[in-house]
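What follows is a pair of complexes built around subunit A, which joins subunit B in one and subunit C in the other.
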Partner chain A sequence: MMKEYFDSLESGLQSAIAQGKGSPRKTYSLELARLGQRLYSGEHKVAWCGIAAPYDLLNAMEVTSCFVEFIGAMLASTGIVGDFIEATEQIGYSSDSCSYHRAVSGAAMKGLMPKPEFLIGTTCPCSGGLAVIEHLAAHFEKQLFVLHIPQNESREEVRHLAEQMRAMTSFVSKITGVPLDPDKLKSAIGKTNRTREIITQVYALARQVPSPINSKELSNFGIVMALFLGTDAGVTIAETYLEELQKRTQSMGSNPAKEKIRLLWVQNRIQFKNPIENLLEQEYGAKIVIDELNDITWDPIDNGDIYEGLARRSISIPFNGSIQKRITHLQKLAQDYRIDGAINPCNWGCRQGTGARGMIEEGFKAVGIPVLNLEVDCVDPRKFTEGQVKTRIEAFLEMVESRK
Partner chain B sequence: MFYLGIDIGSLSCDAVLIDHEEAILATAVVPTGARNLEAIARVTENVLHKTGIPKKDVKGIVSTGYGRERVQERIGAVTEITCHARGIAALKPEARVLIDIGGQDSKAILLDAEQKVMDFAMNDKCAAGTGRFLEAMARALQVDIDEMANLDLGAQGGLTISSMCTVFAESEVVSLIADGKPVNEIVQGLNRAIATRTLALVKRIVANPAGLPVAMSGGVAHNAGVVRAISAALGGVAVLVPPQPDTVGALGAALIAKEKCESFRG
Partner chain C sequence: MTMDNHKTIGYACAYTPLALIHATGFRPYRILPNLDCPDQAGRLLHDNLCPHVKRILDRAMSKQLPDLAGMVFMNSCDAMRRLADAWRVVCPDMATICVDLPTTTSEKDIPVFESELKKLAGTLGDWYGRPLQPENLMESLRLYNELANAFERMRSRVQQGVMRNGAVLLQEAYLQAACTEPQAMLSRLKMLLTEKDQEQKSDMIPMYLFGNVLPDLEAFALFEASGARIVAEDLCTGSRAFAEVKMDFKKPGEMLAAYAKGLLQRQPCARTLCEAQPGKMAEDIVAAARRHQARGVIGYTVKFCDPYIARMPGIRAALKQEGIPFLLLEGDCTVRTMGQQKTRIEAFTEMLR
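Here is the complex of A and B:
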């Protein structure tokens, strides 16, 4: 079923692009469809991982790797996630726990997750994700390697994580029977740095007033692009975005009237079909110009010390470390992107989403940015009450507009 | 020239008709029921009939409430947060915190000195502490909803009732009745449960509300016992309640209709 879905998605997107109906988002979606095809082909070595895993290293070792939350998001976007979430209640998951993770566990129970060769868990961004990976390791009877991501970027902590990543490389080689080719790793890191450089330019364009992007184009972008680091696909996606945004910037000139309200979206987007982005743009002239995770928080990786560079990158992600680090990052984005307001979906069941809600709100208010806290399950559409969400968003935009 | 505001809530549909000097000419409240188009027609007819003003003389209608997009002849649909803020600014201009408890929504709104909305918080996922909650409790107590308003008087205040869930609270009430607890104690416990939830909403918009004038709107503001409990939860602050708290949103909508018409002309 999933293989057919990704095959159909890939051919549809490829055909649209070939007919001149391409867009950066279509190129991005095409590569996601291809990743899905590889995951479900039965012909590739697959690893289920945590979000902070070094995907370029795994790509260099020819392992098709993916964080498990991708499957939760994908099931949500196809509208079939409810059955999988429900299934997990039968094995003891609380109905209040994270729907990304419940969907993944349910998919594994129902035979919808391809069997991996091995699993790489990461202690960041959440223990719930690690618990699911442990559950999958037990379910598939496959070996699990856990990367303990330190909280700070001190020399000792970077070395500690770099050592773990070296050990991870040996773990992977032992299972796949293929040693890491140093030339392949250097080539992958070259592509990672190239992708990083281009994405940095893409974000710089998105920061402009008015922004050349629309609310949907860069949704989930930062977190998902990690999967394509070290690959030609990653470079291609980044180049397509840059080319298109440069064209738009040149043609749009500067007309702030086109963009009445600029918004920041905290954490991840709502993954199932919903009217929010259209409502923002069509009825209020409001636009999401930045998502919390759409940022480059790491330096180019030095070929002389690749593992330490990979370690620094994993430690640097905004969800790692103290809440204050996350707040400081959000405040910087708010100022860089000159936003008028922030929307926090407070993903139901997610401690990253709800635990820090009050502190994040105070952090935004400290820099003069109003915040709308929704209480949305970003994966389970059965809990979505459109009228309630719409009223809150409209009231928030009325308030922001009256204060401008 | 006349302007009409219509607030289509989950329990009631309210209308306020004002003139060009913002004087309230008529108000009406009818049950929304299952067919909100009929309720809208009924409440409109009601205020027009009371004043004898023909519909053609109404220059603008603004709608609010969950059914705001059902009003066909509107010149605008505005959320209840903005409308309640606008309405209370006209009735109680000193208010800086507005608590609105309606049929299934409760909200706290922080207003600045110009009565603009600075922040707001609403209940989510749950109708505990709203008009529906009170209806369910009145049913369990087998008393009329209006009768409940003063049934707390004389209570010593020893009972605590769940503020988390309408269904659990109802079964708690049934158990307390079975245990022979006095009705006034149960009603006061319920009022405190509503006040606890309301205080949490208020604290979300202002950590320390002490010294800020507080007003209340929405149908639940008719219940003096709930108002007393909220006042106590806020440290004894006097809660300002306008004479017709359930029509504050509709009044705000009417005032916004007037502003919109004037800006079109201007």
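Here is the complex of A and C:
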């Protein structure tokens, strides 16, 4: 079922692009469809991972790897997630946990997750994510390796994580029977750095006032792009965005688009179909110009010191470490993007993010940014009350506008 | 060093290296979630966080704390990390440290935890004004292991059923030990251990109890009143906090690494996992229930605890497969919610008669 879905998605997108109806988002979706095809083909070595895994290293080792939350998000976007979540409720999985993880467990139970060769858990971003990886390892009876992501970027902590990543490389080689080819790794890191450089330019363009980006184009972008690091696909996606935004910026020069309110979206978007982005843009001229994870928080990776560079990158993820680190990052984004307000979806079940709702709100207040805390489930549409959400957004935007 | 000149350091997790805190001259004092304070934590921590951390923060917000020289947090789960964050907002003038705690216990994790312990020792040394001396650590480790052994003797008496209200008395001792200087606690335990045997009522059903945070004595009294004799437990406010730390080292320079390994390899709570055997926790629970000849297993977990939530389906399945009856209680670490569960505990016990 999933293979067919990704096949038809891939061919549809490919023909649209071939007919000249392409867009950066279509290129991005095409590569996602191709990743889905590889995951479900039965022909590739697959690894289920945590969000902070070094995907470029795994790509260099020819392992098709993906974070498990991707499946939760995908099931939500296709509108079929409810059945999978329900399945977990029947085996005693509490509805108080994150729906990304319940959806993934349900998918595994119903045979919808391809059997991996192995699993790589990461302690960042969340305890729930690691626990579900362990659950999957037990379910598939496959070997598990856990990367403990330290809280800070001290030399010692970086060195420890680099050591763990080296041990992970041996673990992977042992299972796949293929040793890491140093030239392949160097080439992958070259692509990672190239992707990083282009994305940095994309974000710089998105920061402009008015921004050439619309609310949907970069949703989930930062987190998903991690999967394409070290690959040609990553470079292609980044280039397509850059070209398009450069074109738009030039053409906007004489005729700036309307942009009354600029918004920051905290953490992840709502993954199922919902009217929020359209409502924002069409009725209020409000635009999401920045998502929290759409930022480059790491330096280019030095070829002489690849593992330390990878370690630094994993530690730098804003969700890692103390909330103060995350708040400082949010405040910086708020200033860089000159936003007027922030929306925090407060995914029910997320202790890591939603757990700190009050402190995040205080952090925005300290730099004069109002926040709308929506209390939603970002994956499970069964709890979404459209009318209520609309009313709260409308009231919030009116308030934001009155402050301008 | 007498007890009087010990300054107090607060802690909140069973993984806290108590001997290290003690060796730097402090008295470790667990901030337990068992005081009734107004519910204010919601201002900083969302309703979806575990009541364990919210109640601890409520204590800080209500100034229901002893005079603390600092607070040592363990980065044991998302909720604990958020507690450390919120604590800094509520008590901005208090010294705090959040010690990173590996989630797995394999060889690669030992150096990570060892360097965290080193960092903690340095920080505590700064707070106290003197560095950690290896001989002090050695002595504190010895003391805490002696305490653990005394507890082990007490646990064994409870299991044999020769201590009336044994589970309650044991829990009371754990609560005292969590806040008392170890030498003084050792004397108290030794006295308790000299008391004469008194048979438990013979018609009680032996049960194995596992979970996270259940400090309340009344909860244990409630189990007994419902006909359940807790023959053994694995709780982070119970045996897990006072289990022996196995130490294996040759030179003083290896002591901290051995301590890191010993702490990590004690009976794990759900936040720790075994890479080599995913889902092992379920097997451990089955094995413990068998070892202690329990007729049933009671799980007590506080709401919103992701590490337990994710493991519960596996635990249920393993117990079912072994034909061991299981009752899951979910609460807010107080006897209030336990009280509401009384009928369920009674029915479960009745079913096993």
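Everything that follows uses one rule, which is that the second predicted complex is superposed on the first by the 400 of 404 C-alpha atoms of A that agree within 3 Å, B and C clash if a C-alpha of one lies under 4 Å from a C-alpha of the other, contacts with A are read in each partner's own complex, and residues count from 1 in each chain.
In this text, a contact is a pair of C-beta atoms (placed from the backbone, for glycine too) under 8 Å apart; a residue touches a chain by one contact, two chains touch by 3 or more.
Bear in mind that the values here come from a model prediction, so they are computed numbers and not experimental data.
> Report for A:324: first if it touches subunit B alone, second if subunit C alone, otherwise both or neither.
After superposing on A, A:324 lies in contact with subunit C but is clear of subunit B.
> Name the contact category of A:370: first (subunit B only), second (subunit C only), both, or neither.
first
> Which partner does A:135 contact after superposing on A: first (subunit B), second (subunit C), both, neither?
After superposing on A, A:135 lies in contact with subunit C but is clear of subunit B.
> I'd like to know which partner A:356 touches here: subunit B for first, subunit C for second, both or neither.
Once the two structures are laid over each other on A, A:356 reaches subunit C alone.
> Check whether A:391 is in contact with subunit B, with subunit C, with both or with neither, and answer first, second, both or neither.
The answer is first: A:391 touches subunit B but not subunit C.
> Figure out whether A:402 sits in contact with subunit B (first) or subunit C (second), or with both, or with neither.
The first partner, subunit B, only.
> Just subunit B (first), just subunit C (second), both, or neither: which does A:116 touch?
A:116 sits against neither subunit B nor subunit C.
> Which partner, once the models are overlaid, touches more of subunit A's residues, subunit C or subunit B?
More residues of subunit A are touched by C.
> If we overlay the two complexes on their shared chain A, which of subunit B and subunit C does A:234 touch? Say first, second, both or neither.
A:234 sits against neither subunit B nor subunit C.
> Please identify the positions on subunit A that touch both subunit B and subunit C, taking each partner from its own complex.
Common interface on subunit A, subunit B vs subunit C: nothing in common.
> Residue numbers of subunit C touching subunit A in their complex, please.
Against subunit A, subunit C makes touches at 42-46, 48-50, 75, 77-79, 81-82, 84-86, 88-89, 98, 100, 102-104, 108-109, 111-112, 115, 270-271, 273, 275, 278-279, 303-304, 306-307, 309-314, 316-317, 328, 330.
> Please give the residue numbers of subunit A that touch subunit C in the complex, ascending.
Where subunit A meets subunit C, its residues are 88, 91-94, 96-98, 101, 105, 121, 123, 126-128, 130-132, 134-135, 137-138, 144-146, 148, 150-151, 156-157, 160, 163-164, 167, 322-324, 346, 348-352, 354-359, 362.
> Which residues of subunit B touch subunit A in their complex?
Where subunit B meets subunit A, its residues are 66, 78-82, 116-122, 124-125.
> Under the stated contact criterion, what part of subunit A meets subunit B in this complex?
Contacts found on subunit A: 370, 373-375, 383, 385, 387-388, 391-392, 394-396, 398-399, 402-403.
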